[in-house]
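Pasting in a structure now, in structure tokens, and then I'll have a few things to ask.
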Amino acid sequence: MYSFRNDYSELVHPEILELIKQTLTEQNLGYGLDRHSDLARKLIQKEIKNNNVDIHFLVGGTSCNKIVIAHSLKPYEAVISVDSGHINVHESGAIEASGHKILLVSGENGKITPEKIELVCSKHSGEHMVVPRMVYISNSTEIGTIYKKRELEAIFNKCQELGLYLFIDGARLGVALTADENDLTLADIAEMSDVFYIGGTKNGAMLGEALVIVNPGLKEGFRNILKQNGGMLAKGYLLGIQFEALFTDNLIFRLARHTNEIAMLLKAGLKNLNIKFAFDSPTNQQFIVLDNRIVQALTENYDFEIWEKNKDTTTIRLVTSWATPQDAINNFLQDLKTLLK
Amino acid sequence: MYSFRNDYSELVHPEILELIKQTLTEQNLGYGLDRHSDLARKLIQKEIKNNNVDIHFLVGGTSCNKIVIAHSLKPYEAVISVDSGHINVHESGAIEASGHKILLVSGENGKITPEKIELVCSKHSGEHMVVPRMVYISNSTEIGTIYKKRELEAIFNKCQELGLYLFIDGARLGVALTADENDLTLADIAEMSDVFYIGGTKNGAMLGEALVIVNPGLKEGFRNILKQNGGMLAKGYLLGIQFEALFTDNLIFRLARHTNEIAMLLKAGLKNLNIKFAFDSPTNQQFIVLDNRIVQALTENYDFEIWEKNKDTTTIRLVTSWATPQDAINNFLQDLKTLLK
Amino acid sequence: MYSFRNDYSELVHPEILELIKQTLTEQNLGYGLDRHSDLARKLIQKEIKNNNVDIHFLVGGTSCNKIVIAHSLKPYEAVISVDSGHINVHESGAIEASGHKILLVSGENGKITPEKIELVCSKHSGEHMVVPRMVYISNSTEIGTIYKKRELEAIFNKCQELGLYLFIDGARLGVALTADENDLTLADIAEMSDVFYIGGTKNGAMLGEALVIVNPGLKEGFRNILKQNGGMLAKGYLLGIQFEALFTDNLIFRLARHTNEIAMLLKAGLKNLNIKFAFDSPTNQQFIVLDNRIVQALTENYDFEIWEKNKDTTTIRLVTSWATPQDAINNFLQDLKTLLK
Amino acid sequence: MYSFRNDYSELVHPEILELIKQTLTEQNLGYGLDRHSDLARKLIQKEIKNNNVDIHFLVGGTSCNKIVIAHSLKPYEAVISVDSGHINVHESGAIEASGHKILLVSGENGKITPEKIELVCSKHSGEHMVVPRMVYISNSTEIGTIYKKRELEAIFNKCQELGLYLFIDGARLGVALTADENDLTLADIAEMSDVFYIGGTKNGAMLGEALVIVNPGLKEGFRNILKQNGGMLAKGYLLGIQFEALFTDNLIFRLARHTNEIAMLLKAGLKNLNIKFAFDSPTNQQFIVLDNRIVQALTENYDFEIWEKNKDTTTIRLVTSWATPQDAINNFLQDLKTLLK
């Protein structure tokens, strides 16, 4: 049985574990105030070419999304998202539980546009309606697509014009920035957002996201709200060490690049088999449409997520990770080919 | 200047004020524990033919909606509403501020259907998504339409089948139940819902909504959550007295009936003038589409709400109330006719 | 049966009702945007000698307390109060329900002191603790005592020094400012606080508190949060009209003065009977200690609140209002005298 | 420099890391649905001799406390705690941020008593007050003391009598159950509580607490609220693996026993030096009072927490862990002895 269910099925990359082992005899300060977290911060600041950012290490994506939004908005302010957004669908109402409405727009290839942002804002005025104050996007998106530089630029400019924060969920930022068609750098991300995070959980770390607060107005009090939300680890250095490793020798991008390369092998193989794609994704999530019979047969040897089930066909999601070997792809394609006969 | 802006522009109906005056020398217990509130409860119970309901008097519609939903749902449970629903658009995020997500469906003539309820539920499962647990509807709806008996029955049955509470916002229940095409009684409403309220604010009272909790599982603790939300008046008997008056000699329905009759005069007159209607409403909210030039000219002598503004035309909302005199309608139609020439 | 249970047993003072009657044929804008609310605002601004304040009319004390605190504090900020404070004991957890901790100090005669404020602040630092950001006091206090000018001044200065907002709950501000030993004016209150309110409910109005926001930093967004909390009345002019009446011909202070005078008659009479007082209150709440037997006997003809019950004695609270006639006092004293024999 | 600051200064015990290494090539299901988490659950169930409990693995103590309380209480219900309780002082208002009031009682040796629980409950009634519904205790307490079996029994019986849940914060449960004077077993804890957790973070794990829900009424929906609060790790098997290791060959108690033994060495040595103790703690937190001069001098070579600073003396907290070597104690005692001369 091989799993293409997600990119967090394997615990940790050896280079990260190696650094962990080297710290075993140390004593470290708690709550992210340790030397490893500080070093990781410096490495990230260097990569984004900006020392004036605050960096916090959090345990996961939902935690980041919930806490950042709760921190940034007043009680009557709202966040704009595409309807497929992770905060809207897959976080069990975490944002609303913090008191904030999510204003929905339909996505184009999973992405938001300046026009849709403007439309939402134009429809909200007066104290009987919530006040739009933040735009949430993820890169890569829920369906694996990525933002091009001109797209992000246009969105950020629109946000600036309308007085909205731009918040980028980067749980899968690694694969976004190493995709073939990507033209953004991590420094660009920091330049064209108010706050964003760099995912570790889905890119080789045991757990952890590096949250970067660029907008000075969002810096104050973040540690308080992090603690209040149960998001501050006692052994915060566990996160610091891992990001130190990820930003050493470019590990984070090496892992993401492998993840994409193996995904592109899969994609090419599927195309060879004339498989129908639900979305055209340049990253590690591939969505394909198969006959229900085929899907049923595949489940004997493979694990994956059912995305949408219809009468005759099912869309499934196949996800590769830093740990996916080429053999897994070859075997899957071979087995699928056999089933298709 | 005459205002068709809403149905709460005039303070209070004389029969209600008369009862208020009769109580001036009384001393009454606070917090809704007084004799007038008790009497009003009995009158309402008689009207709905059910003595096993709890009745609380609240100050307004948003207060009712927010508190009932906060009271009924667990933190991860959500309420289903049409996207035009008052709780979604016009309450400044009050529901989300209590921690709950609103799951949206597009309305059909402003109304929800069993099919749409079922579809939402079928798409929600597992702990990563919120759990749909309540359906919110209003009667009349935001665009003045009303639910027929078979529609409500079908919705309530679907709710029962899926384990959902049905909550009816009755801020304008009076006009709904006295519309020409209505076939529901107040007793039907109580039979086919878990909790609902009867609006006073928009039907002759200074303020106040009578909330009726039918489902025994929703009764416990309501006074606690009412107090906690700042919704419990010290002089609760002010609300009790008014509902005593409204349910004496059928006042509540007399007022609503007048409101509708005057609205139907307006509607007929507008039709005579070949005015385009945005929605076909049988109650006191009429939505018409006029050239921007006409709208501009009307604002000199009339006040009303701009519903939607487009390049050439504007949809405006005209609302009648228990206090609207026939003359106001005649004058408006006459003036409009002149402008149309 | 005569009730000394509270100061909200009688609905409304005739002068207020008179003004209400005069408005019956008017049409008014909703949500506090009407001419009466505006006039009431001007009258209050004149009384406090400050036109640069925002004034909102709310339905009641708990609503004011909850909404002001929710509006003023960030999620991790807390409010300081004496442990007997209304927000701590009698609001069903309304403040915590908005997410904020109340930091408690023991009161001195029901009052807070600069020393206690400083002590609380000195014990709070770092992100593991809440951040004290507001001081809540009420005048008169829960036990009827009042703040002298030098006391308030010292508290406000300490708040300024420590970066704390001072919020004055004035549900019973009328009796505080008209007590014999009072040396504060309404203008002083406005000068030595960031936000406060003037109670109507307990001083002749049907309902309503006039909230005055002095600190410019607290003004923005208040209408949004008011709406979001279900605290904005559709017929807001009902509140405006009443405060217009209360601030016409000094009605608010005339009513409060009567309330106190009648309370002082009661107090003097009780002293004559050598009754033991639990607190020395110069306002309309008098707390006396009686044998359980006497209390039991009194309940046949009088209603009042049991404050604290012990083995042999009970502390009861006697409250006078703008409507309490001298006869009620005389009868009560006479009956008590008879029982004491 | 040696740190006695806390028991989470060292990352992970070698036996736990060893098991982690053995899983490196595995693929595991996410969100705590993996085989390691299941095995850890079985091992814990065996230890507490009860298979009818739900077990969830959370990231830390504040997360546990916040989520359990939010899960268990209705909006107007409150939790009782000693004023020194972690939830009251050191969680940045996390409990109130979820909407719940903490009702405080003064502790006796850091512990709550049935009498104090009863007193709080007797003072709360009616809808104007919060409803006490849960008692929160920690074992060991914030000052290192522990509950004896008869104490816990009396508390649990009182909770049962009054309809209160008993929730035991076991962030330091290991040292509590292995203290010399302890007479409780883990099975006793499960028998005399509704919900409790077993700390991993402070007892050798990288992170993680094992939450045990005993009361069937508290089981439903916990995964939903866990997800909603950002407390559900994608790689939940990281937690499962660690608890699997901790409950293999009794590791959890071996580590705790060492922690206590080394603490008792320290305590004995300090007594020999006639040092004054602030509290008499039988576990790994020792609180001693030293002249400010001595404290200052100690900071050159040792790190520890300042508990309370007075004019001449300072109370400091010294904490040992599973990793503290005997040498560290000997050196500290020797250095202190020298300073005391």
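In this document, chain identifiers A, B, C and D correspond to the written order of the chains, with residue numbering beginning at 1 in each.
Methods note: a residue touches a chain if its C-beta (ideal position, glycine included) is under 8 Å from a C-beta of that chain, and two chains touch if they have at least 3 such contacts.
Being a predicted model, the structure only gives us computed values, none of them experimental.
J.: Out of curiosity, which chains are bumping into both chain B and chain D?
T.: A, C
J.: Of all the other chains, whose mean CA position lies farthest from chain D?
T.: B
J.: Between A-D and A-B, which chain pair is linked by the larger number of C-beta contacts?
T.: A-D
J.: So the centre of each chain is just the mean of its C-alpha atoms; given that, what is the distance between chain A and chain D in Å?
T.: Between these chains, centre-to-centre, one finds 33 Å.
J.: Averaging over Cα atoms per chain, report the distance between chain A and chain C in Å.
T.: 51
J.: Just how far, in Å, is the C-alpha centre of chain B from the one of chain A?
T.: That pair's centroid distance is 42 Å.
J.: Do you know which chain D residues sit against two or more other chains?
T.: Chain D, residues with two or more chain partners: 75-76, 91-93, 97, 99, 127-128, 224-225, 227-228, 232.
J.: Of all residues in chain B, which touch chain D in the complex?
T.: Within the complex, chain B touches chain D at residues 70-71, 74-76, 99, 127-128, 131, 221, 223-228, 232.
J.: For the complex, give me every residue of chain D touching chain C.
T.: Residues 75-76, 78, 89-93, 96-102, 104, 127-130.
J.: Would you pull the chain A residues touching chain D in the complex into a rising list?
T.: Answer in residue numbers: 2-3, 5-6, 8-12, 14, 17, 20-21, 23-30, 59-67, 91-94, 97, 201-202, 206-207, 224-225, 227-235, 237-238.
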